[in-house]
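There are structures below to look over.
Shared between the two complexes below is chain A, which has chain B as its partner in the first and chain C in the second.
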Partner chain A sequence: MTRNSRVFLSIVFWAFVVYLFVPLALMILMGFKDSKFIGFPIQSWTLDWYLGVFEDTDVIGTFFYSLAIAVASTAISVVMGTWLAVLLTGRRFLGRGAVYALMILPALVPGIISAIAFRIYARQLGIEPGMGAIIWAHAVHNVPFVTLVVMARLSTQPKSYAEAARDLGADPLVTFVRVTLPYLKPAIIGASVFCLLLSFDDFVRSFFLGSYQPTLPVLIFSKLRSGMSPEINAISTIALVLTAVLGIWAERSSRRMNKEN
Partner chain B sequence: MIDHAAQAKTGSDVAAADDPQGRPTFWGRVTGNRAYRALVAVLFASPRRQFLILAAFPLVWVVTQHLGPMLQMLNVSLLESYPLSAGEEASLTFEHYRKFTADGGLFLKPFFRTLTFGVVLTFATLLITYPVAYFLARHVKRENQLSLLLLLLIPFWTGEIVRTYAIMILLGNNGAVNLALQWLGLVERPIPFMYTGFSVSVGLIYLTALYMLLPLYSALEKLPRSYSEAAADLGAGTWTRFRRITLPLTLEGIGSGCTLVFLISIGYYGTPVLLGGPNTTVFAETIAGFFHTAGDEWPTGAAFAVIMFFTALAMAGIFTRLIAMLRKGDSR
Partner chain C sequence: MADPRDPIVRLDGISKRFGKTTALHELHLSIAPGEFVTFLGPSGCGKSTTLRLLGGFEKTDSGRILLEGKDVTALPPNKRNVNMVFQDYAIFPHMTVAQNMAFGLELKGLDRAAIDRRLNEIMSFLELEPFAGRYASQLSGGQRQRVALARALAPDPALLLLDEPLGALDAKLRGQVQIELKAIQRQTHKTFFFVTHDQDEALTMSDRIVVMNAGRVEQDGTPEELYFRPATRFVAEFIGETNLIDGTVRGIDRDRSEVVMDWRGIELRGQAPAGVPAAGQDVTASLRLERLSFHEGRPDTPNAVRGRIVNRTFLGSRMAVDLQVEDVSGARLRAFTDHDTTSRVGDAPVWIGWDSASLAVLTS
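Our next item is the complex of A and B:
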């Protein structure tokens, strides 16, 4: 590789990093601006916008509403996703390809179409727009991500583990709970965090399946439609920090678990 | 750690009913329970029954929950009216599909704009992220690659709306880009970036770049460096090595990255609403418009969503076939 192309590539790489981080950094900075007017230059600084957010019971309520949705939908996705992964990595059966295609379908449907389809189906099932409908839509949408992650891990488990357990007299249920499940732990933790983030950050499904109580992204969206304000920066920054911390923690812990294996 | 624990268990105590002191363990108590044994005897009597128990619920789930919403959308798109009033017979019609081409191209415009946006943005994302992935996979020491990848992942954990807002601040008339341009003396007055195709594009690339970067990185990372080195020894220049070796061998990653980015980018609703203007209306906004009302326009919205879904699938399918053909052609 010539020196020129190396220099070119490293410039592109770091320019890309700047492109990714500068908008978020500016958004964070703007949340400390002592003026209602969004834009540069920033003459004086304040923490008032953050204090305002912590005193705003609407925002706090919305935050916990989103969190509850994320936790509940993740629980469903992880159970169904793992179950599907076990089915799809087990012995071959007629129609396995079709089941795989159906499993992955919710991840491939473009966002708006997925939201519309869920909205129509919720009405068909008699689920009113609101928390239950959002939890259900997030759960179904996130299943494929769990299945893919767990399938990848499951395919690396030596067959002899389960066989040994069976030879020692364990029934399939005990074998799964005491041998397979512990082996899948890193994958399940990683997939859970991914689902939590997907659900917490989701806009389009929450928007179309929600009732008057918004989730955090829907709240930010509706506030943005009536104009930018440093208050939105403060809310967004808090959401950003929380998701980043959770993501980094999951990434590090799954890497540590993989190393220990 | 976990593996050793699992191994230890498979070796000694998975089926053991007692701990070393002779007291029954938790699992010993469970598996020794008569009701549990009876249940296991019934559930796992034959391999066939075992399979049924494993497969039944997931099969019902994927058919009713994964496929069900799509089928019901198709069904509603063919209904004369929805919801049906009491006692009304469901009557099927293609009327709502016909509306797609009606009204002097009112709906065709955003439709083709969305597809064009999707294709152009996918290509732009590929051009931007390929060198990034290449640098990461080839010029960074292996032990640092994961840390840098983690660095690139951080912004992508943030949600669509928060990142869209960040782009709004960047590109606004008092945004950082305009401020920098004015400070450098390149422009007199701020350039109106916002509410144009440009702002929507910057936003969508910002949102989808990762879905391109990851498949490209994993394809490049798998590719042995020795291939390029061998070609270099045989006298191939940088460009030739890239065109004849690296590019053909990463076609698969390019294919999956492009398919993902295309399907994801045409589905965004919030970002084009916030970053776009009247001249950049995308089809997602058209579809959403039919659902803001209580229900009488749902069949039209559903029909449009079906059209968009099958068009997107067809385009992704043709593209995947194209990539497969290119790969075959190269291996010959």
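Our next item is the complex of A and C:
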């Protein structure tokens, strides 16, 4: 690489960083401003908005509501997605291509369309809007991500591992539980964290399928409608820190596990 | 109770096809208890297919597999009293060495005390104690091979399958492991079914070698038989280095059970271990390089030709020389000899002799 192109690339890179992080930095900064009006200049600083968030039972309740949805939908997606990955990686069967295409589809359908479709379908089935409906929609949407990540890992497993387990007396189920599943662990952990974040972050499906109890993104949205307030910045910052920590932890631990194997 | 001389394994005309290719064609074979049998051949000869059929990883198209007298043809791998050392060792990466070895014992339903006892036994036998708590990623190639062997031996199988287990080791280590493996087999009295494409491995370790080619058995015998009395051209060429001599049968000397053949006007006497040819038939005979001796005068061996050294290759412990045979245009022989003989002979004409047992007349 020539010197010029290296300089050019580093300029592009730093421009990208600024583009990505300045809005976040502004958002975080405003959460510490001692005034209801968002904007510069910041004359005095305060932690009151944060204290307010922790005292607001509405926000706390909503946080745990969102968390419960994320955990439940992730559990379903991981089981379904892993099962599909094993099915699609194993021996060939008629219609495997079709199953693969159908499996991918939920990840490709635009959120708004799938949300409306879910809403109509739920009504047809008589499913009440609320927690169950949101979990259902999130689980379906997240399955492809699990399947793709687990399939990628599964394809790197030497065929001889499962054969060695069978050879030593394990039936197919024991082989899966004691040999294949541990091998898939890093992929499953990574996929789980990704699903948790996707669900926690989702607005469209939660909005269309929710009842009176909002999820966190829906709550933030409704608070916005009654006017911008630094309290929203504080809530968003807390959510940002939590998701970033979880994401970085998952990345590091799955990389460590990959290295061990 | 079965007779101890009853075969451990009997293959009753097993065949296997993959699509249009026949991987194995009606293989009949018996393996005696405690035998070290090697299936030797190039890739695609059917040796690995036989191994995988024995392990239960493939289904036979026809024929039966009997293990300790019981028909196991339809049984899955986990229901067969057979264990395998895989080519890539397949040591479970998330388990320690001890956990890997305990895996088969746990599935046999042994209690903890019995498992520990067996683990200690096998680990001290294979000197694996220092590695018990390690993972595969913390072991060298040789250590992995040993762990894979220990894991397969631990459940005390009737038959141990070994799928080219030395292929991943470097040349120096391989020689050492060959001797070790043979010693382990002798001490455990286990029946080993070893698959390789490496003739040195086969010759060093086996009690018996089955040479495979294109899904069929070419020859089945001891290493010595295969080396000195190959039945077919394929075996003669696949194992060791040899001179192939094309000629015509003049007749059969019944008294000495020798085949008399004509090699471009020179009369040669050989033996036909795998079937006597008819007079007038075109045949090929195999002559091992180290069976040729050099003489100043005509030797009293049944076979003697005059020749001249035209090329020499120094191989360290010995010399390989190419000889131009006199009076036969274009006829060449290759021989192993020592350094002194080569320098003594120089470029002068010399007599070359060999006995009739060294010349194996092949069936095809």
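Methods note: the second predicted complex is superposed on the first by the 261 of 261 C-alpha atoms of A that agree within 3 Å, B and C clash if a C-alpha of one lies under 4 Å from a C-alpha of the other, contacts with A are read in each partner's own complex, and residues count from 1 in each chain.
By our rule, contacts are C-beta pairs under 8 Å (C-beta built on N, C-alpha and C of every residue); 3 or more make two chains touch, one makes a residue touch a chain.
Since we're looking at a predicted model, the values are computed, not measured.
J.: In the superposed arrangement, does chain B or chain C reach more residues of chain A?
T.: Comparing chain B with chain C, the partner touching more chain A residues is B.
J.: After the superposition on A, what does A:Met27 contact: first (chain B), second (chain C), both or neither?
T.: In the superposed model, A:Met27 contacts chain B only, not chain C.
J.: Touch check for A:Ser114: first (chain B), second (chain C), both, or neither?
T.: Only chain B is touched by A:Ser114; chain C is not.
J.: What is the contact status of A:Gly61 with respect to chain B (first) and chain C (second): first, second, both, or neither?
T.: After superposing on A, A:Gly61 lies clear of both chain B and chain C.
J.: Give one of first, second, both or neither to describe whether A:Ile248 is in contact with chain B, with chain C, with both, or with none.
T.: Only chain B; A:Ile248 stays clear of chain C.
J.: Determine, under the contact definition given at the top, whether A:Gly97 touches first (chain B), second (chain C), both, or neither.
T.: neither
J.: Of the partners chain B and chain C, which touch A:Ala170 in the superposed model: first, second, both, neither?
T.: both
J.: So chain A touches chain B in one structure and chain C in the other; where do those two contact lists coincide?
T.: Residues 161, 164-165, 168-171, 174, 178-179, 182-183, 185, 260-261 of chain A touch both chain B and chain C.
J.: For the complex, give me every residue of chain B touching chain A.
T.: For chain B paired with chain A, touching residues are 1-3, 5-7, 9-11, 14-16, 27, 30-31, 40, 43-44, 50-51, 54-55, 57-59, 61-63, 65-70, 72-73, 76, 83, 128-129, 131-132, 134-136, 138-139, 146, 150-155, 157-163, 165-170, 172-176, 179, 206, 209, 238, 263-264, 266-270, 274, 283-284, 287-288, 291, 295, 298, 301-302, 305, 308-309, 312.
J.: Touching chain A in the complex: which residues of chain C?
T.: Listed in rising order, the residues are 55-57, 76-78, 82-84, 86-88, 90, 92-94, 103-104, 107-108, 135, 137, 151-152, 155.
J.: Taking the touch rule as given, give the residues of chain A at its contact with chain C in the complex, in rising order.
T.: Result: residues 158, 160-161, 163-171, 174, 178-179, 182-183, 185, 260-261 of chain A touch chain C.
J.: Write out the stretch or stretches of chain A touching chain B in their complex.
T.: My answer: residues 1-2, 5-6, 8-10, 12-13, 16-17, 19-24, 26-27, 30, 37-41, 80, 83-84, 86-87, 90-91, 93, 99, 102-103, 105-106, 108-121, 123-124, 140, 143, 161, 164-165, 168-175, 178-179, 182-183, 185-186, 197, 200-204, 207-208, 217, 220-221, 224-225, 228, 232-233, 236, 239-240, 243-244, 246-248, 251, 255, 257, 260-261.
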